[in-house]
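One structure is given here, and the rest of the page talks about it.
Chains here go by letter, A, B and C, matching the order in which they are written, and residues are numbered from 1 within each.
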Amino acid sequence: MIDPWWVTAIKALVLCLILLGAFAYMTLVERRLLARFQHRVGPNRTGPFGLLQPIADALKSIFKQDIVVSAADKFVYYLAPFISITFALSAFAIIPGGPAGSLFGFNPWIVDLDIGLLYVLAVTSIGVYGIFLGGWASNSKYSLLGSLRSSAQLISYELGLGLSVLSVIMIAGTLNLREIVDTGIWSVSPLLWPGLLIAFGAFVISAVAEVNRTPFDLPEAEQELVAGYMTEFSSIKWALYQMAEYVNMMTASAFISTLFLGGWRGPAFVDNIIPGMSEWPFIWLIAKMAIFMFLFIWLRATLPRLRYDQLMRFGWVYLFEIALGAALLTGAVIAFVL
Amino acid sequence: MSFAASLDFTWIALAPLITLLLTAAFGLFAALWGFGSRPAAGISLIGLVTAGVFTFILFQNERHGVAGSGFGLNYLVDLPATAFHFVIIVGAILAVLISYDYLERAGLEHTEYYPLMILASVGAMVMAAAGDLITLVLGLEIASLAVYVLTAWRQGARESEEAGMKYFLLGAFSSAFLIYGVALLYGATGSFTLPGIAAGAADPQLGTALLAGLGGLMVLGGLAFKASMAPFHQWAPDAYTGAPTSVTAFMSVVIKVGAIAALLRVAATFLPELSPLVTELLVWIVALTMIVGNLAALAQRGVKRMLAYSAVAHAGYLGLAVLAVDGGGMRAAAFYLMAYALMNAGAFAVLILMSDRFDHGDDLERFAGLSRSRPGLAAAMAIFMLSLAGIPPLAGFAGKVLVFGAALESGYFILAVIGILTSVVAVFYYFRVIAFMYFREPEYAAPSYRSATTGWAVGIAAVGTVLFGLFPGWWYGLLEVGAQIVAGR
Amino acid sequence: MVGFIILAILATLGAIGVVTFRQPVHAALSLVGTLLTLAVTYVTLEAHFLGAIQVIVYAGAIMVLFLFVIMLLNVGGGPKVDRFRALRPLAILVGGLGAAGIALVAFLDARPLPGRDVIDSALAGGGAGRVGDALFSDFLFAFHLVGVLLLTGIIGAVGLVQRRPQEAQQVVSEPTVEPHEELTHA
C-alpha cells in the first residue's frame, strides 16, 4: 500500500519537527547526563528540571550576532550548514517505525525503497560535504584542518560501516529496511550469530565515528583546532551544524536498531503480557534508539579522544579487516553450511 | 542466462591466465616477506614459462580441433588468441630477463615491479582473447594501468615521471573515447559481443548506421592509441624514451600485441559491417602511421627515441595486416608480432648494456666503434637493426613480406606501395646505427657494463630473429588454420 | 518529460560550470552538482540502484577525494592561464562540432523505445537483484577481471608511493661515461 503524496509530505514535515525537537531536548539530556557522570548538577534553573533550557538556547543562538568571515567564500559558506542539516534529516526518511498501515491507517515511514540501505549510505556520504565545505569556505587554518580530518575520517569509517552491513544484507537477502526487519536476522540460524555479533560491534564503532562522537570527535578537537570545521560559524549556522550532528546521532541509533536489533519490533515475551504489544509502532524503535543515544553520551563521558594516527590505523588496519572478516564468515556460513 | 549456464569454461582454457595471476600474487608475497625483487623475478620467470607451456598445449589443442571455452565469447581460446598469448609470453620473458640486473643497477628494485609486469601481460592476453567489448576494455585497462605505473617507475627523474604522467593522462582520455564508443555500439546494436555487434550492424532494420559508425570510430581511435598509430602516437616517443629501458622493451612489445590483436578482431568482425567511411579512416591512419613513424625516426639522434618512432612505424605495418585481415592478415600479424617482439626487445636490451644507470648515453655517437670494443654486442645490434629494417634473411623480412602480401591480396595496393617506400626510408636510420658501429672511430670509452641475464636476453632474441628469418615456415605453418578461426566468423 | 528537461538543463549547466569556474573548488562542486543531477535522472527512470550507486561512488567517494586533494594542495583560482590562447577558438569549435555531431547522430538515429512493460520487466524495479543476476551470469568473467583491475590499481599505487626517501631526492646526473680526451670529435 502506497500513501498518497500529501500524506507523505505531512509525514515528512512532522518527522522533521520531531527530529528537531528531539535535538533540542537531546542537548539538555546530554548536559544533564554528563553532569551526573561528573558529579555535577547540570542545567536545572530554566523551568522545572531545566526543561526550558533548550528554548532559551534556541532563542540565544537565533538572536546572536551572525559573524560572517570577510575572507570566506560566501556562497559555499552559507551553503555548507544547509547541506549538513538537509542530508542529516533526509536520511531518517527510510527508517520504518512500525508495521504497514499502523499510523492511523497510513504507513509509519516516509518512503519505502527497495534500495533503502544504499539510500542511507548515499545520503550520509553527501552529508560529508557539509562539514568539508564549511571548513574550507571559512578560510581559516583550524577550520580547514578540522574539515580535512573529518572527511578523511568519514570516508575511512564508511568502509567499516558498509562492510559490516554486508552480513545483514546477505542474511536478509534484501536492501529494503522494512524487509530486513521482517526477516529477523537473528532468527535465521544460530550459526550466523558469530559473524553477526562481530558485524554488530564493527557497525556500532563505525557509526560512532561516522557521527563524529567521542572517542572519534577529532574534527572538533578543541585543544588543537579550537572547534574544527565549526570554528568560524556562529549563531544560527552554528546551530544548524549542531542540529545535524544530533540528528545524525539519532539516525545512526535508529539505523543500528533497525538493522541489527529488529527495528520497530518489540521482544517476543511482551506478547504474553499484552497480546500484540511487540507490534506497537514507534515505542520499541524509540526505546532502542534511546539506548544507543545513552551509549553515545556514556562514551563521551568515559573515553578520551584518539590521536589522529591512532584513529586512521584503527579504521584501516583493524576495523576494516574485522568487518571484512565478519562478512566473509557470514558469507561462508551461508554458502557452505546453510 | 542462468548462473550454471554462465559457467561455460574449461580450466585448461583459463590455465595461462590463472597461472600468471598466481605468479603475480606470489611475487607480491615475496614483497610482503621482504625478499626483495630478485626472487620475484625468478617466480615470474617460472610462472611465465608455465603459462607458456599451457598456452602451447592450448595452441596444439586448437590446431587439432579440440576447442576449449572460456566463458563463451567473453574469453576466446581460438588459434589467434593462443598465438598472440605465446608472443606476449615470449615478450614478457625477455622483459623479465632484461630487468633482472637492470633494476638493481638503476636502483629501481621494488618488488611490485614484476607483479605489475605480469599483470600487464595478463591484461594484454585478455585483450588478445576478448570476444566481447567489455572484456576488451577491462583487459586494456588492466594492461594500461600497470604500464602507466611502470613508465613512471624511476621516481625523482623528470623524464620518467613526465612520461608516466603524459601516458596516463592521454591514455585515460583515449580509454574514455573507447568506452564511449563501446556504449554507442551497444546502443546501436544491442550487443557487446563482436559477432553480435556485427550482426546488429548488418541488420538493416535497426537503422542506426550513424550511431554504430560513430561508435566504431571511437573504438578504433581508442585502440589505435594503444597501438601508437598516428595521429594518436604523440605519447609514444616521450613515454618510450622516459620510461626505464626495460619497461620500454616490455611495453613496446606486450601492449602492442594486445592492441593489434584487438584491432584484428574488430576488423575481422564488425568493422566491415559499419559505414565504409570507418574503414577508409583506418586506411588513412595506417598510411599516416607508416609515413610519420619512419620520417620522424629518421630525424632522431638518440637511438632510444629512434626505436620509439620505429615502434610507431611498425604499428603502421601491423595496421596493414589489420586491414588485410580477410586475406591472411591474422597469420601475417601473428608472425610479424613474434618477429617484432624478438628484435625490438633485443634492441632495447642492447641499449641497456650501452647506456649508464640513468638510461643516458644512447646517442648514436656512443655506438661508434662498438664493433671493436664489444664485437658480440655490435653483431647482435646489427642483426636487430637489419631485421627491423626488413633485410633478408631475418625475421623482420619474412614478416614484412607476409604483411605486404596480405595487403596486396586484399587489394590495398597503394598502401602496400607506401609501406615498401617507407621501408626503404627506414633502412636509412637503421643502417646509420650499423654504420656508426662498424665504420666509425670510437668517440667515447667503450661501455663496460655487462650483465649475464641481459646478455641471455640479447642472445635469445638474436638467435630467434635469425631462426625465424631462416625458417619462417615453422611458426607460420603452425598458424595455418589461424585465418579461419576468428570470433564469430 | 518536463522533469527530464529540467534535469538535463541542470546537468549541462553544472558541466559548463566545471570548465568555466576559476576556483577549483567551485568547479569540483559544479561537477558534484552534475553527478547528483544524473543520479536523480536515473531515479526518475526507475533505476534506483544505479542512482544510489552513482551518489555513493561518484559524489560520495571520488569527488570527496578530488576536493580533498584540491584542499590539501591549497589550489587557488590563480591568474588566468594564457597558454594555448590561440588554440582556444579552435578548441571551442572542435568541442562544439563534436557535441553537435553526437547530438545530430542521436536525433537522426533515434529509435522508438520498447514498450513500457518490456522496460519494467528488464529493470525489475531497478533494484540490486537484477544487477546482481547480470553480474554473476552474463558478466561473470568481466566481474573477475574487474577484481584483477582493482588489484593492479592497488599494486600500482603502492608501487608509486612506497619509495625510500633517498631515492626521491636522487638527482639524475649526466652520463657517468666521460668522453675520451684524445678521441673527441676529429
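As a working rule, a residue touches a chain if its C-beta (ideal position, glycine included) is under 8 Å from a C-beta of that chain, and two chains touch if they have at least 3 such contacts.
Just so it is clear, the structure is predicted and the values come from calculations on it, not from any experiment.
**Student:** Among all chains, which one's averaged Cα position is nearest the averaged Cα position of every protein chain shown?
**Tutor:** C
**Student:** Among all other chains, pick the one whose mean CA position is farthest from the mean CA position of chain C.
**Tutor:** That would be chain A.
**Student:** Using Cα averages as centroids, what's the distance between chain B and chain C in whole Å?
**Tutor:** 27
**Student:** Between chain A and chain B, what distance separates the C-alpha centroids? Give it in angstrom.
**Tutor:** About 53 Å separates the centre of chain A from that of chain B.
**Student:** Quick one: report the Å distance separating chain A from chain C, using the average Cα coordinate of each chain.
**Tutor:** The separation of the two C-alpha centroids amounts to 31 Å.
**Student:** Flag every residue of chain C that touches chain A in the complex, lowest number first.
**Tutor:** Checking each residue of chain C against chain A gives 23, 25-26, 29, 32, 36, 39, 48-49, 52-53, 55-56, 59-61, 64-65, 67-68, 71-72, 125-128.
**Student:** List the residues on chain B that touch chain C in their complex, please.
**Tutor:** Against chain C, chain B makes touches at 1-3, 5-7, 9, 21, 24, 28, 70-71, 74-75, 107, 110, 112-113, 115-116, 119-120, 122-123, 126, 134-135, 138-139, 141-142, 145-146, 148-149, 152-153, 155-159, 188, 206-211, 214, 355-358, 360-361, 366, 441-445, 447.
**Student:** Quick one: in the complex, what on chain A touches chain C?
**Tutor:** Within the complex, chain A touches chain C at residues 73, 76, 113-115, 118-119, 121-123, 125-126, 128-129, 132-133, 136, 144, 147-148, 151-152, 155, 158, 175.
**Student:** Of all residues in chain C, which touch chain B in the complex?
**Tutor:** Counting only chain C, the residues touching chain B are 101-102, 105-106, 108-109, 111, 136-142, 145-146, 148-149, 151-153, 155-160, 162-163, 167-180, 183-186.
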